[in-house]
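In this document, chain identifiers A, B, C and D correspond to the written order of the chains, with residue numbering beginning at 1 in each.
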Amino acid sequence: MSLIESFERSRLAAGAGELWRHGISASFLDAVGDGSLPAEAFHRWLVQDYLFVVGFTRFLAVAASRTPRPAQSAMIGGLAALDAELGWFEGHAAARGLDLDAEPHPTCRRYVDFLVAAAYTEPVEVLLAILYGVEVAYTVAWGRLEPRGPYAEFIERWTSPEFQQYVAELLRLADAHPHPGQQAAFDEVMRHEREFWRMTWEG
Amino acid sequence: MSLIESFERSRLAAGAGELWRHGISASFLDAVGDGSLPAEAFHRWLVQDYLFVVGFTRFLAVAASRTPRPAQSAMIGGLAALDAELGWFEGHAAARGLDLDAEPHPTCRRYVDFLVAAAYTEPVEVLLAILYGVEVAYTVAWGRLEPRGPYAEFIERWTSPEFQQYVAELLRLADAHPHPGQQAAFDEVMRHEREFWRMTWEG
Amino acid sequence: MSLIESFERSRLAAGAGELWRHGISASFLDAVGDGSLPAEAFHRWLVQDYLFVVGFTRFLAVAASRTPRPAQSAMIGGLAALDAELGWFEGHAAARGLDLDAEPHPTCRRYVDFLVAAAYTEPVEVLLAILYGVEVAYTVAWGRLEPRGPYAEFIERWTSPEFQQYVAELLRLADAHPHPGQQAAFDEVMRHEREFWRMTWEG
Amino acid sequence: MSLIESFERSRLAAGAGELWRHGISASFLDAVGDGSLPAEAFHRWLVQDYLFVVGFTRFLAVAASRTPRPAQSAMIGGLAALDAELGWFEGHAAARGLDLDAEPHPTCRRYVDFLVAAAYTEPVEVLLAILYGVEVAYTVAWGRLEPRGPYAEFIERWTSPEFQQYVAELLRLADAHPHPGQQAAFDEVMRHEREFWRMTWEG
């Protein structure tokens, strides 16, 4: 069984049912895959995803502050990866002349509000489910595309073996620390993922 | 001017006056340097410093969550170093049969209380001064010793060029974001450092 | 000029433009006013508004923890009023056999996520704008109805002189502590108000 | 059995042993009782206790934000009492020409650091033990004095039936939500109480 298959069959993804399927497929991604994506939509995604990662970094830092070792170590590793990712986004934005000092779209803001509110108020076990949800949705959603065409670098980023190993570690942690609130939080991640993809496509 | 000299002459160290000198010298360190340190004191330091770093990691994660880039990047780098340091402590404790699941000494607890309370309530500029204070005190205090004798590995850890470069970056950040509350917070770090060293020596 | 008029003309309400008008009018309220509201919708509102106030109390407690006197005193007074309001809701729910231990509707959850995330991360001045926004929307929205019919007690609650005086104090505080981020936060309150009313009406 | 006796025999007070006895008796209080207290010590206490209550209010607001009903209601009632107490302190300070915009003494600061760090990081059950500890220490310590002499108003404040009923409610809540971490936190409150009294007496 590949890692992607283990993600698809994981307790939380299976439990989310239709919400899971909606969270990992999007017209935006289809258009990335067949090369038909309008530049405007790509630029919107790039700016809003950067703003999302800024908020996600805040979530993960607060979560790491509340989580004991050894799960904390995985979170700190994740923070270093997000920090590098923000630099990578900044390079792509500069190359395209995009202004990252933009307002978050209401859809982006609500996703970040959910993450930040959870980071401060939910049990650590629920934070592990949220963290797994955000990352697994990305690796599976991008993993359905062939890494070719004008966006190959982006497709490869979230389908690399290193990233998949990180997601597998998050799955292991979420499963090792079960909690009755995990499924509802994972489901809410999927709702936000779906709406985020819709926003990148429709504006 | 060496980095150590630039630390000694930095605005915050100079402003702390006698508190700075008390924060970076200790009978404990003198005994590390001349090889006369009782094993009991070393073990007490090792356990309590581990518990301190657990709390310091919490401080730094909350601080990173509240700090915008690029200062946030330095903090995330610091978190990765602390995470590695905790593993290093765990190895040393295991080799000596020490139990790290111990109660923090009241002196350790108060230092951590100060850091955690500040992380949630002080302005980011003040957090930068605290972060610089904690790290500069360690590199200067250990840097006064020759890296030899039974504790050479420990002396080398906080006097390595990499660690000094990190402290130099923290100094640059603290100076680039001045705030009227920085000196009082830096001074409080030095008071806690002095009391921590006294506790490791006297019990 | 009545207090209600001073609210309508306040800097933040005027600055929100159409969002303000959408935040204070709703098919749900029209149906309360003419007595045509289906019991199902009223029950949905009662349960979800209770869950909202639970989250709003959390927001206000965190905000009060971060706010110096004398604005803190107004917030603590507001907390006491919310505490009493929760008891009042519990009485109405018990009388109608409604279960308050329900799941928040996604729309309710997002409003609370916004409040809680803001409480921990936004400047105090912005929290004052949010607090004013939540309360002024309620007193103006309910204030457009005549206090009669089956829901007279509910209409009277948020149109009482005491409540209007409290809202006037919040307006004074928000205006006395201006901040560039206030309008965007106030606008976001109005978006959430509109969506909350839509949810109570449509399910 | 009087309420004071029930406090003296409560699980947490009995469990603290000598720390409890040290937390509720002080040379400062003896001198209040026999009228021999120097004005300088009284003024120091008045200013530092005000600054302590400012920090204690922050603790209680964060604790209330994290605590579900009905314990939350008792905390909100406590916040309203602290808010009134701060106004009362301000009146006494103004009447004596004392500046409340002073630096906290290091001893006061460490007590507040402990409370604020706990508010953000300890389980709610532990916060209930801390809250009971702070309040019971005051009502028992002042309750050992006769309400007469120049400080009668101060003695009466913390020995009133209303305040004792509030402390009895806090005892009930702490006992209704037991937790293995309660005793260590209660003990730490007593250490801070002892050091606070020593500071008011010795400077």
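One rule holds for everything that comes next: contacts are C-beta pairs under 8 Å (C-beta built on N, C-alpha and C of every residue); 3 or more make two chains touch, one makes a residue touch a chain.
Computed from a predicted structure; not experimentally measured.
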Taking each chain's C-alpha mean as its centre, the one farthest from subunit C: B
Approximate Å spacing (C-alpha centroids) for the pair subunit C, subunit D: 35
Chain centre separation in whole Å, for subunit D relative to subunit A (CA means): 46
Distance from subunit D to subunit B - Cα centre to Cα centre, in angstrom: 32
Sequence positions of subunit B contacting 2 or more other chains: 58, 66, 121
Touch-based graph of the chains, sorted into line, ring, star, complete or other: ring
Which pairs of chains touch, using the document's own definition: A-B, A-C, B-D, C-D
Subunit B-touching residues of subunit D, taken from the complex the two chains share: 58, 103, 106, 109-110, 112-114, 116-118, 120-121, 184, 188, 191
Residues of subunit D that touch subunit C when the two form their complex: 54, 57-58, 61-62, 64-66, 69, 72-73, 76-77, 79-80, 82-83, 86-87, 119
